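Next, two complexes with chain A in common: one pairs it with chain B, the other with chain C.
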Partner chain A sequence: MSLEQVAQLTVAGVINGSFYALVGAGFGLILGVTGRFHYAFALVFTLSAYVTSVLETPAGLPMPAAIVGGLLAAIVLGIAIERFVYRPLARASGAVSLLTIFISSLGLTIAGINLITLAWTAFSRSIELVPLRPINVGAISFASVEAVLVAASWLLILALSGLLNFSDLGRSIRAARGNPQLARILGLDPDSIYLSVFALGSFLCGAAGILDGARFAVQPSMGIRPVMFAFVVAFLGGTRNGPIVVGLAGLFVGLVESLSGLFVSPQWSSLVVFSVLFIYLVLHPVDFRALRASILPAASSPRG
Partner chain B sequence: MNNVTAARDSATPFRNRSKLCRLAGGLALGLLLAAAPAGAQDASPSGTGGVTGDQIKQVLGLEGKDAKALGTGLHFKLGIVLALTGPGSYYGRIQGNGAKLGVAQIKAAGGPDIELIFKDHKTADAQAGARATRELGIDGVPAILSSFVGDIGAMFPGVAQYKMLTLDGGGGTSDFGQRKPYFWGMRAIEPDDDFIGALKYWKATDPKIKRVSLVYFDQGPANEIVINNFKKALAETGQELASTELTTIGQTDYSATVSRLKASNPDAIFLFGTGVDPGYFMKQLVNAGMKTPVIGAEYISDAAKVAGPAFDNYMFATDWFNPEKPTNAWSKLFLQSYIKEFNLEPEINAANYYEDTFAIWDLIRRVIAKGGNVNSGEELQNALIADPKFQSVYGGSGTQLGTIELDTTTHTATKRPLGVYMSNNGKPKQVASFGIGGADFELTK
Partner chain C sequence: MDYWWDILNLVLIFSVFAISLNLLVGYTGQVSIAHAAFGAIGGYTAAYLSAQIGLPFWPALVAGALGAGFAGVLMSLPALRLSPEYLVLLTIAVSSIVLAVVGAVPELGGAYGMIASKPANLSPLPGGDLIFPHQWVMPLLAFAAFTYLVCYRMGESAFGRVLRAIRDDETAARALGSNVFAFKVVVFGITSAFAGLAGVLLFYYNQIASTSVYGLDVSLKIFAMTIFGGLGNFTGSILGAAVVQLLQPMLERIVRIDPGQAFLIQLVVYGLGLTVLVRVRPQGLLPEGFSLLRALRPAKTRLASQPSAKPISSTVAAKPAPCAQTAGAAAQSSVILEVRDLSKRFGGIAACRELNLDLQRGKIAALVGPNGAGKTTVFNLLTGALRADGGSIRLQGENVRGLAPDMIARKGMVRSFQNVRVFARMTALENVMLGIRELSTDWWCWPNGTRGGENLADLLLLPHMTGRVERHTHERAMEWLRLVGLANVAQTPAGALSFGQQKLVSFARLLGTDADLLLLDEPASGIDSKWVEQILELVAHMRELGKTICIVEHSIHVVERLADTVFFMELGHITAQGTIGELTSDPRLAEVYFGTV
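Entry: the complex of A and B
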C-alpha cells in the first residue's frame, strides 16, 4: 500500500461520495418529509439523463437547454408520481401505505425502464457535459467531468440547505418534517408541501442522473445502483437531518467504499458499504413508527 | 355575480393553463419520441433482408435438393436463451437479430418453419437460465441456442436431462463448459485463445512488455481456471503476471480497479470484460492518465460509444466478425441482408447466432437424410458427432465458405479464424491473425 494509492483512492472516494451525497440528499428529503419509500427515484434519475442526451444529440439543442429539459422532465415525473400514484395509494391503504407505495414504486420503475428501452433502445448514449480530459495533480489524476460532478453536487446540496433554512417554503417543509400533525394544525397544506418536496428531490435526482450520464454513460438500468446508495446514505445521514448532514454521510460512504479497495478486491466494496449500514441499523434502529406517523395523517386527511 | 359564476370565472385561467401545460407536455413528448433512433429498432422476424431463397441455396450449395431433404413444411422448435434484460441486454438483442434473420432466410430457402422460443436469462442470472432450460425441456424443444456459456453453467444439468442439443455462440464452451453432455461451443475458447493471441502480439511488436495484469469478470468457480490458463499462456510467451483484478458484469465504476492497477504498474493489461463493460473501463483508465496498452477479449460498438475517444487506445483479440471485410460469398450475403433488415452493421454476436441457426438446419437435413426424427435432440447430436463440421461466415474466400470444426471430446472449436484488432475509431482494423491455441500467429502486413 503506497501513499500515492491511498491518495488516489481518497480522491476516488470524494468523487463517488459527492455523487452519493447528492442522490442521498434528494432521496432523504423525500423519505424524511413524506415518508414515501420512493424507489422510482431510479426512474426519475434515468429519465432525466435520457432526455438530456436525446435533446443534446439527435435534437441538436445546446447543452444548457438540454440540461434544463432533463431537469424539467425529472421534476414533472416526480410530481406526477406523487400526485397520481403515491397520494391515492396512501389514501386507500392507510396503515400499510409504506409497503404499498414501495411495491408500486418498484413496479413503476420496472415498467418505466422498459418504456425507456422501448422508446430509445437498450443502446448506450452519452452526454458531453464538458470536454473529457484527465486532470493530473502530482501522482493523482481524475477526469474533468469528475471535478464538475464534485463542484455541482456540493453547490446543489448547499443551495438546498439554504432554501430549507431561509425560505418560507423551506420553513414549511421543515415544519412538516419535524411535526407533521402540528404543521397541519397550523394550517400548512401537506399535499402542496409533498408536491414541493417531490419537485425538489426530483430536481436533485435529475441533476445526479445527468452528471452520472456524463461521467459514465446513459443506459436503461443506470438508476438502480444509485438508488441503493441513496437509500444507504439517507439512513446513515438520518431521515430527519438536513441535506448537509446527509451529504457528509454520502461522503463517508464514498470514502469507505473506495478505501476498502486497499484491503479487499473492489468487487467486495458494496459488501463493505452495506455492512456499515447493517451495523448502523443494529446500533440505531430506524423508528418506522415515526415514519408511518408522518404518512397516516396525510392518508386520513380529507384532502389527502 | 353569484358564487358559482365567480368560481367558474376564477377557474378559467387555470383551465387555460392546464390546456397549455398539456400542449407543452405533448410537444415535448413528441420531440423526444421523434428523436428516438427508429433505425435501430428490430425489424419484422419474417424479413430476409432482401435475400431470396435461391441465393441462400446457391451460396450454401443446396441447389437441386428436393423439398423433403430441405425440411420444407416441417415445424421445428428452437429455444434461444439470451440476456434479454439486465446489463447484457445489448447481446440478447443483437444475437436475437442474427437468429431471426437466419430463421427467415432458411424458410425462404425451403427449409423448415423454425419457431424461435425466446427465454431471458437476465444477464447471467443462474436461476433464470435454469428455469428457462426446464421450461424448454418440458415443452419438448430438441435444440437450443444459448449464451453466456449456458448462462454460466446453470443450463448444463437441464440440457443433459432433457437431451436438448445446445449450441453456445456467445461464449463458446469457455473453460468450464467443455465436455458437458449436449452442450457445444460454437466459437474459440473464451478467453484462453484470446490470451495467447494478445500475448504473442505484444511479444512480436513490443518485446519490452514483460509484466501483464489480468482484469477479468467474476465467473464464480471458473475464476481460478481463468487465472491458471492466463498464467500458462504467460509461461508460453515468456511474460509474467503483474496482478489480477476481479470485476463484476455490469460494473460501471472502475476507480478502485484503476487505482490498484496504477499501484501494480503493469507493462500491459489484458481485459476479459464483457458487453459494454470494456467501454466504462477504458474511459476511466484513460481519464486517470494511464497509457498502458490494453488488449481485450471482445469488441462491441456499444462499448465504443460508452468510452468515446478513450476507446481509440483499445485493442482486442478474438474470433471477431469484421463487417469491413466479409471473407466469403455467404459473409457478404449475410452482411448486406443484416444491414438491410436491421439498419445496423452486424458484429460477432449477430454473425454467430445467424450461422448457428444455419448449423441447426444443417443437422436437421442430416437427420432427414438418415430418415430420423428431427425433433430428437439425441439424433441431432449424433448427426453432429458423425461430422462435426459446419459452413461458416468466418474465413474462407470467394465462393469457398469458411468452416467451423468441433472437437467431439471437448465440444470446443478446433478450427476458427481469430485476429488481433485495433479499435480504430469505430472501424476495427486487423493487425494480426492466428488460430485456435495461438496457432499460425502472423502480423498483418
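Entry: the complex of A and C
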C-alpha cells in the first residue's frame, strides 16, 4: 500500500463520513428526543432531492430557489408524518408503539417511494449544485461537489449544535432528550418539541438528500442505504449525545469503510462496517437502562 | 388455478417465518429483524449441500434448520444484555453480514444466487418430485402445522409463562429463579431453526437461493406480518402472513389498471395498507393469548376461580398453608444466613464495607438506617444482582456469593422490590405461578432445574406429566392468592391492579417459591394506609409459616410491629444491632436516624 493510496482512501473516507455524519445527526436528533424509529427518513431524503431536481430543470427555477423548495418539502413531509401518523399511532398503541411506529414508517416509505416513481418515472435525474470539475491536490483528486458536501455537512452539524446549546428551543429539546418526564413536569409541551425536532431533523435529512443527489444521481431508492447508515451512526454516536459526537461517529464509519479497502476487496467494505458495529455491540458497556428510560418513558415508569 | 395455489403456498411458508418470529418478539420481547437472514442460512446450506454432495431433501432440510439454529444461538450471546432498540440494530448488522457474505462468496453463486439442481422429493414419503404448486400444498400445510404446534406448546405453557415474564420484567423474572439467559438462548436457537426451515422450503419451492429472496426487505415483511397478526398469538401470525401476502394479488385481480404501472400502484397500496392497518388495529388483528384451540372449546380450559376475598385474619388460623421445608428445621443451625466481611465499592464510594450480618431462622429482622446507608445495595449483593468485591455469604451453610440471581433464588433466598415489579401484562395468577416450581437436580432438567413445563424435554415429550405439574402449580398459586386475599382478581392483569394489590401479588409470588428466606424491600411504603395493616399481618403470618424474613423499612411503626432484631446501618456498615427499644434509646442513633427526637 502506497502513501498516495492511503491518502486517497482517507479523503474518500472523509467525504463519505461527512455524509454519514449529516444523516446520522438528523436521524439521531429524532431518535434521541422522540424515540421514534423513523424509517421514513429515507422518504424525506428522496423527496427533497426530487423536488429540488424537478424545480431546477423542468420548472427552470434558479438553483437556490430549487434548494429552498426541496428543503421546504422535506420539512413539511417530516412534520406531517409526525403530526398525522406517528403521534396518533403512539397514543393508540401504548407499550408496543416502538414496533407499530416502525411498521407504519416502513409502510409510508414503500408507498411514498413508489408514488415518487409513478410521478417522475424510475429514470434517474440530476441536480447541478456546482459546476462539475475535479479538484487535484497533489496526487489526491476529488470532485468539486464532494468538497461542497463536506463543507455543508459540517456547517449544518455545527449550526445544529449551536442551536441546541444556545437557543431557548434548543434548551427545551435537550431537556426533553435528557429527561422526558422532568421536561413534562417543567411545563415543556412534548408535542410541540417533537414537531420542532422533526422539522430540524428533516431539514438536515433534506439537505443530505440534495447533496447526495448532486453527488450521484436522483433516483427512487436513493434513500434506503443512507437511512441504514444513519441508524448505525446515530446509535454508535449515542442517542443522548449531541450532533457533533454523532457526526464524529459518522466520520469514523466512513473512514473504516473506506480504509478497509486497503486490506479487502471493495465488495466486502459494508461487511467490515457491520462487523465493526457487531463487535461494538458485543463489547460496548452501554447504560441501557438509562437509554431505555429515555426512549420508552411509558413502559419504564413505575405504575401506581 | 395454480396461481392461487402458489399464493397459498407462499402464505404457508411465510406462516412458518411469522409464527416463529412471534415466539421471539411477541412472547419473549426480543425484537429481531434478521429473520429472513436466518432463512438465508438455512436455504443456502441446503442449496450448497444438495449441489455439492447431492444431499436429498430431508437431510438438507435438517442441516439447514440446524445451521440456522446454531447461528441463532451465536447471535443470542451478544443479544442477551441488549435492550430492544439495540437489538434491532444488532439484528440489522447480523442480517447485513449474512447477506454480504453469501452475496460475495463465489461458491454460493455470488449476487446471482444458487439454482437448485433438482426439484424437491420428499421420499420416502410418496408423491415423487414436487414440480407444480398444487403438489406443494399438503407438505407445506404439514410444515406450517408442525411449526404452529411446537411454538404453541412452547408459548402457551409454563415455558411460555417464563418467556412472557422475561418480556415484561427480566430482573424480576431472574429474582424469582428463572434462568433468563438460558431461556433466551434456547428461544433464539429454536426460532432461528424454524426460520432456517422456512428458508430451506423457500429454496426448494422457488428452486433458487439468492440474496433478494432473503433480503432485509423480506425480514421487514415478516416482521410486519407478525406485528399485524398481533403479538403473542400464533393464529394471528398466520392471518398476518395471509393478509400481507394476499394484498398484492387481490389488488391485481380487483383493480384493473395499466399493466405498466400496476406493480407500482400495488406497492403504494401495500405500503399505505401497512400504515393504515397498524393504525386501525395497533394491537394486531387478534389479541394476545387468542388461540384457535381455545376459541373452539372456551368452556373447558380455564379452571373457574372461586371468588373468595377472605381477609387474611380469617385464613391465618385456618390453614397452615403448603410449607414443606420446616420439617428438619430443629436439626439445622439456627442461623440461616451468615454474612461476613461483605464489601462493595462503586468507584471511590464504599457502598458496603466489611458488613457482618446473621439472620436467625424463623425470625423477622429489619435493616434500618438513613437514606443512602446502602440497605438496598445489601439486598442486591445478597441476591446476586450486584457482584460483591469481597466477603462471604453463606445460605444454610452453603456459600452463595458469586452465584447468579436465579440460582440464589432457587436455593431459597428471594427478594421483593421497592417498586414491586409485577409482570404487568400477565394475570395475578400467572404472576404467582411463576414462582412455583418442582425442583429437580437431574442434569436434563434445564434451564431452570425443574420438572414440568419449564423443562423443554418434559414439555415436548411428556405432556401428561407436564399437565399434572401445571394443574398442581395452578392450585397452589390459587391457594397463595387466596391467602393474600386476591383470589377474586386472579384473572386480572397485574398491571391493572392498584399498587397495594400489586404488593400483595408480589408477596404471594415470593411465598410461592417456597424459599426459606424472604428479603422484603420497603414492604409497606407507597401504599394506601388501608393496605398497610393487611401487609403487616401478612408478613407476621409468613413468620408463623416458618419463614425467615429481613425487611428494609423506613417506617419505625412498621419496624416496631414486626422486627425481632433490628440492624442499624450507616455508610455501608452495620453500627448497631438489638431490639427496636434498645436502638431508639441510644441518643446517637436517634440523632442520626431521626434528627432530633
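Going forward, the second predicted complex is superposed on the first by the 284 of 304 C-alpha atoms of A that agree within 3 Å, B and C clash if a C-alpha of one lies under 4 Å from a C-alpha of the other, contacts with A are read in each partner's own complex, and residues count from 1 in each chain.
The rule is short, and it goes like this: a contact is a pair of C-beta atoms (placed from the backbone, for glycine too) under 8 Å apart; a residue touches a chain by one contact, two chains touch by 3 or more.
None of the values given here were measured: they were computed from a predicted structure.
Contacts of A:Gly69 after superposition on the shared chain: chain B is touched, whereas chain C is not. Of the two partner chains placed by superposition, only chain B is touched by A:Gly261; chain C is not. Of the two partner chains placed by the overlay, only chain C lies in contact with A:Phe231; chain B stays clear of it. When the two structures are aligned on the shared chain, A:Arg171 is found in touch with neither chain B nor chain C. In the superposition on chain A, A:Ala92 contacts chain C only, with no contact to chain B. Once the two complexes are overlaid on the shared chain, A:Ala111 sits against chain C while remaining clear of chain B. Comparing the two complexes, residues 117, 267 of chain A contact chain B in one case and chain C in the other. Interface of chain B with chain A (complex): residues 25, 28, 31-33, 35-37, 40-41, 86-87, 89-90, 93, 218, 245-248, 250, 252-257, 259-260, 262-263, 276, 279-280, 283-284, 286-289, 302, 305-306, 308-310. The part of chain A that touches chain B in the complex is made up of residues 1-2, 4-5, 8-9, 12, 15-16, 51, 54-55, 57-59, 69, 73, 76, 117, 119-126, 132-134, 136, 141-143, 146, 216-217, 219-222, 225, 257-258, 260-261, 265-267, 269. Residues of chain A touching chain C in their complex: 37, 85, 88-89, 92-100, 102-104, 106-112, 114-115, 117-118, 228, 231-232, 235, 239, 267-268, 270-271, 274-275, 277-278, 281-282, 286, 288-289, 291-292, 295-296, 302-304.
In the complex of the two chains, the chain C residues touching chain A come out as 25, 31, 78, 81-86, 88-90, 92-94, 96-97, 100-101, 103-104, 220, 223-224, 227-228, 231, 261, 264-265, 267-276, 278-279, 282-283, 419, 424-425, 495, 499, 502, 526.
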